[in-house]
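Just below sit the structures, each encoded as structure tokens.
What follows is a pair of complexes built around chain A, which joins chain B in one and chain C in the other.
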Partner chain A sequence: MNAFRPSLLFLALAMAAVLTPAPGSARAEEIVVIVAADSAVSQLSRSQVTNLFLGRYKQLPGDGRAHPSDLAELKDNFYRRLVNKTPGEISAYWARLVYSGQTVPPDQIDSIETMIDQIRRTEGAIGYIPRSRLVEGIKPVYQLED
Partner chain B sequence: MPPRSAKSLLAGLLLACSALACHAEAPTVRPGVFGTLGLSWHDARQLSYRSSQTQREGTRGGMLDSGIDSLLGLQLNVQAHERVDGAAQVVSRQHEDGGWLPRLTWAFVRLEPIDSLQLRLGRLGLDTTLGSNSRLIGYAFPAVRPAPELYSGIPIDSIDGADLTYLAPVGDHLFRLKLMAGDTSMHVAAAGQSFRLPDVRVTGAQLTYLGDNLQFRLSKGIAKTLDAGSLAPLVEALRQIPLPQTQTAAQRLDVNDIVTRYTGLDALYDRGPMRLQASLLRFAMPDGHPTLASQWLGQLMLSYRIERFVPYVGVAGARTSRRDTRTGLEGVPGLEALQVAAAGAVDNATLSQRATTIGVRYELRQGMALKFQIDRVHASASPVVTDLADPANDDRRLTLLSMALDFAF
Partner chain C sequence: MSELGHPDGRERTVTPIRWRTSIVARTTVQLIGLSVVIGLIVVFLSAWVLERHEHERLVDNLGELIAAIERTASVAAFANDPQLAAEVAGGLLHTQAVLSVRIYSGNDLLAEAGESPAMDRLPSLDSISRPLHSPFASEEIIGHIEIEPARQKIRDEAARYAYLVAALLAALAVAMASAVAWVVYRTVTRPIKGVADGLHALDIQHGAQMAPPAGGEHNEIGRLVRDVNALVRRMDAALVAERALREEREQSERRFRMIFENSETGIFVLDANGYLQSWNPAMARIVGVDRFQGAGMPPRLDLLLGIPAHEAAALASQARRQKMARSEDFRLSDLSGGQERWVNVVLNALGEGPMYGVANDISERKRAIANVLSMAERDPLTGLFNRRGLQRIAGRVLHAADEQRKVAVLLVDLDGFKAVNDTHGHETGDKLLVRISQSIESLVRKSDFVARLGGDEFAVVLTGLANAEAASQIAGKIVAACAEAVPIGEVVVRVGASVGIAVASNPDEPFDALLNGADQAMYQAKRAGKSAFRIRGEG
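Let's look at the complex of A and B:
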């Protein structure tokens, strides 16, 4: 490790990063936070949603342990609307928590169909989808204003 | 951290193994990597600047250096059960012996008997201020490095022990109570040599308020030395010489069984693009100890995001309330070498330093940020800003330019 040359690695990584495009911008859609239709939770406040998705608190009010999940295609937009943070800031936030042994971020789900399926069949599951995709078996408990 | 006795670490790992063994499903393993590639330069030719006492070499005036901020960390998180998980982390950085071999920084198992309560056993980061236990994760904070003024006074990174955290929601607000206890052993470098700090037993508690945009934290704790570290042979040698001066010096340098009380106050306002953090830490040494002096350490940092840029400004300072470097050996013929060693040890425990910081962070992509920073540093006594030509210089000033590439994946 004495041969470790941070300066050369620094230049290489910086150039690679500059040449790589940033993640795409978020789409403007109405987003609802959802739980299973038979959940005891009927409504959440913004603070409660923030605490659950930022890993501060792991319990759904009156309904046991929460299992939050992020939806990949809406994630950037969701956190911008919820806490006005950029993807980089959310990433830095989780880096602090993960690498100081506090907690791990929500699982990431790639499609709306998978998210709905997970909410329906997993006790305590909580996620978010576009309002236009609400279906039977799930219910909205919080709506994020645009 | 060098190898050390770690009964609690062993206990934690054994518990983790048994937890893994008793669970039928395969555990979920999440690897992670983080690091910083840093470059620094300053203008004071006879000064050396380190970001921590745990580094052997600092940045010398007029020379480009990559050793004080660069590091590479690897972490493995293992989820054995919904309520049992653990993590192990190793970090490669410049150590007090000049080597870069990875050392274990975290290794714990966590049990959550109920959702609002968690117990961690093993090697844990020492949690004295907001951000103290994530200060190696450069990507997680705006500045190039955690302020040495806040963390260099007592350079303890981690404990082998346990912490217990209880979370209580009150309406939309959260309160978090944390209790911790453990032992620590650290090495530092001074004048190019490695020294073992006294082993310390830390017990502490903290209460944190977590609001939507505000956090407040009060920390209280006690650190008790369990031996005299590298000073033990010197103290013993002084005791063997039957002179009043040597007996006085031995008494002044004996740091065994010393109880230090610390109090920490943190406030964080974090709303949208703006982030303002203030930390104040007080280490109170026992009244009447002839050599050890109490310390005030503090930092204020403001950052504001503009698109992908995050400019920031900060001030940090450390003040040792009383600086008494007399050892009792002054002027004793034939004991010059002991006097130099003793005075060096006392001086190394004194930190009076302040810094003004301005910089900008640029988010290159998710998980990677580039930072540029300028620090204006002034130290009257400091183990991390040292004068290579005149160790007694009490007016050490430098302008430090730094660049860092931070990543975390």
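Let's look at the complex of A and C:
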């Protein structure tokens, strides 16, 4: 009991510190699907985004092989906005495909910086970030409103 | 006895019940046969219904099956994952109703499993195709899944199921039929057959009883047996009573026949037309029935009695009308043997039918009566009429008299008879009276009558006289004859006679008056000196 109380208190403080600003900013902010700035792709439809991230299309239109990546902090929000599915439903979907081994889910990237870096460096990479974090070297091809 | 027949005799004449018509065989065969027919109908109907139902069920199952894998197939089609699609298709093949599965993503064949449907194309059942929707946008069709049903297998499956149920039903029907047949056989037909056989072989004449069927003592069949036994007992008692009655009747009949045959009285039965239907030997003897036998017709009563037919009919109708016996004496005229015969016949009506009668020979009695009657009117000593006889005859004679045939009464009184009696005794006197009576009788005609009125007094009735003179002549002869000496034994006696004559003046004059007149005339003759005659009214 004595050992548990400080850890619980700590967890509560940590959550308060991390989560309190995030929902406010993430919910309000648009998510943009991004590719490398030099990519042939300039604009994607919602359907194309869905097909790419959920494994249907393995090629970018007019470009090479697609490498979609999920951003950990925005993943749940992204799929809720894109296909209106809960994280559980998305996991269940992937579980069936993973079993066959033919189709694999997108890589998961923990930070926006890594994501941006990945998009800049990898050919055919596609990901998503909050609109406010758009920087040089990447371009938005689709915007998800809340 | 013969009308009843003996059970053994009956057994021979009645055809025994053949196996085919036996109640046991027929009932059992019909029960089982009917059950089998009904069972078969039920089996075929249920097989047909079940087969259709099972077929539908299996086809419905296919739809449910597709619904179950639809999501995974959609995922496979969405992700273009042939491996997952093949898994899904392969999984479906585990169901026997599925012949082959094809999953398309868009228009591309993603996975295929199972045999080609070409060999098994039945028109009744098309292949099933369902669209596959995107897992993320349900309005978007991203492919479709096609299932070829294993038509032959579905049909076989349904048929096998139907046949299994049908076989069970058939077995049930057979079992039920057997059970019902067994129960019916045990509780109904076998006891009934037993009762029927027992009754058939029952020796009713000797009051045999039937045993109730085992186990059925208290049901309706047992009651039937008890009732039959009661009936047999009653019948037996009735038979015994009837036999006794018959014997009694026969005995009594023999007795009556003996009486009838041996009776001295003639007994006969007469039909409505006056013919004798039957008669006993005495009847034949008394009226001589044999005289009329042999003509082919029964003898007729009127002919037997020698009377006109209407008289006999009148007698019969009187007896019938008065409802009492009618008795009548008949004189049989034309019987051989000379002697006249009298028969008394009593006729009695028996309702509207035949009459019976008795006949008795009364000839002897008639003769005896006649004898007695004549004795009473005769003088025992002389054999002449006595006063009573004279009076009876005189009455008749006087009645027949008229002017041309007159009647006269002569009163004859002997003179000196008392002296003969006193001198020679009564015996001689009696003999003298007999001789004188004979003399007087010899002097008159056969149509005249002589009577001894008593003592030495005689009376003579003369009939058919032309006149009084004729009477006087006879009176004179009588006086002369009486005056003659008569030898009686060793003596010779002599008497005289005084005669008074009275001639009937009119038919209404009583005989007593006539006799009285003759008496007075006789006294006049006595007073005139005896041995003379006087006529009444002539002084």
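Observations on the structure shown:
In the analysis below, the second predicted complex is superposed on the first by the 118 of 146 C-alpha atoms of A that agree within 3 Å, B and C clash if a C-alpha of one lies under 4 Å from a C-alpha of the other, contacts with A are read in each partner's own complex, and residues count from 1 in each chain.
Here, a contact is a pair of C-beta atoms (placed from the backbone, for glycine too) under 8 Å apart; a residue touches a chain by one contact, two chains touch by 3 or more.
Remember, it's a predicted structure, so these values are computed and weren't measured experimentally.
Looking at the shared chain after the overlay, A:Ala40 reaches neither chain B nor chain C. Once the two structures are superposed, chain B and chain C can be ranked by residues of chain A touched, with B on top. Of the two partner chains, neither chain B nor chain C is touched by A:Val135. Look at A:Gln48: by the touch rule set out above, it reaches chain B but stays clear of chain C. After overlaying the two complexes on the shared chain, residue contacts for A:Thr86 are found with chain B alone; chain C is out of touch. Of the two partner chains placed by the overlay, only chain B lies in contact with A:Arg65; chain C stays clear of it.
In the superposition on chain A, contact of A:Arg56 is made with both chain B and chain C. Contacts of A:Gly101 after superposition on the shared chain: both chain B and chain C are touched.
Residues common to the contacts of chain A with chain B and with chain C across the two structures: 47, 50, 56, 83, 85, 93, 96-97, 99-101. Against chain C, the residues of chain A that register as touching in their complex are 47, 50, 54-56, 82-83, 85, 93, 96-97, 99-103.
Residues 1-2, 4-7, 9-10, 13-14, 17-18, 20, 22-23, 45-48, 50-51, 56-59, 64-65, 83-89, 91-93, 95-101, 104 of chain A are the ones that touch chain B when the two sit in their complex.
Chain contact summary for the complex, chain C toward chain A: residues 72, 75-76, 78-84, 87, 135-137, 140, 142.
Looking at the complex, you find that chain B touches chain A at residues 30, 32, 34, 37-39, 64, 66-67, 70, 72-73, 75, 77, 79, 82, 87, 89, 92, 99-102, 106, 108, 110, 115-116, 120, 124-125, 131, 133-134, 136-137, 139-141, 167, 169, 172-174, 210-212, 271-273, 305, 308, 363-370, 403, 405, 407-408.
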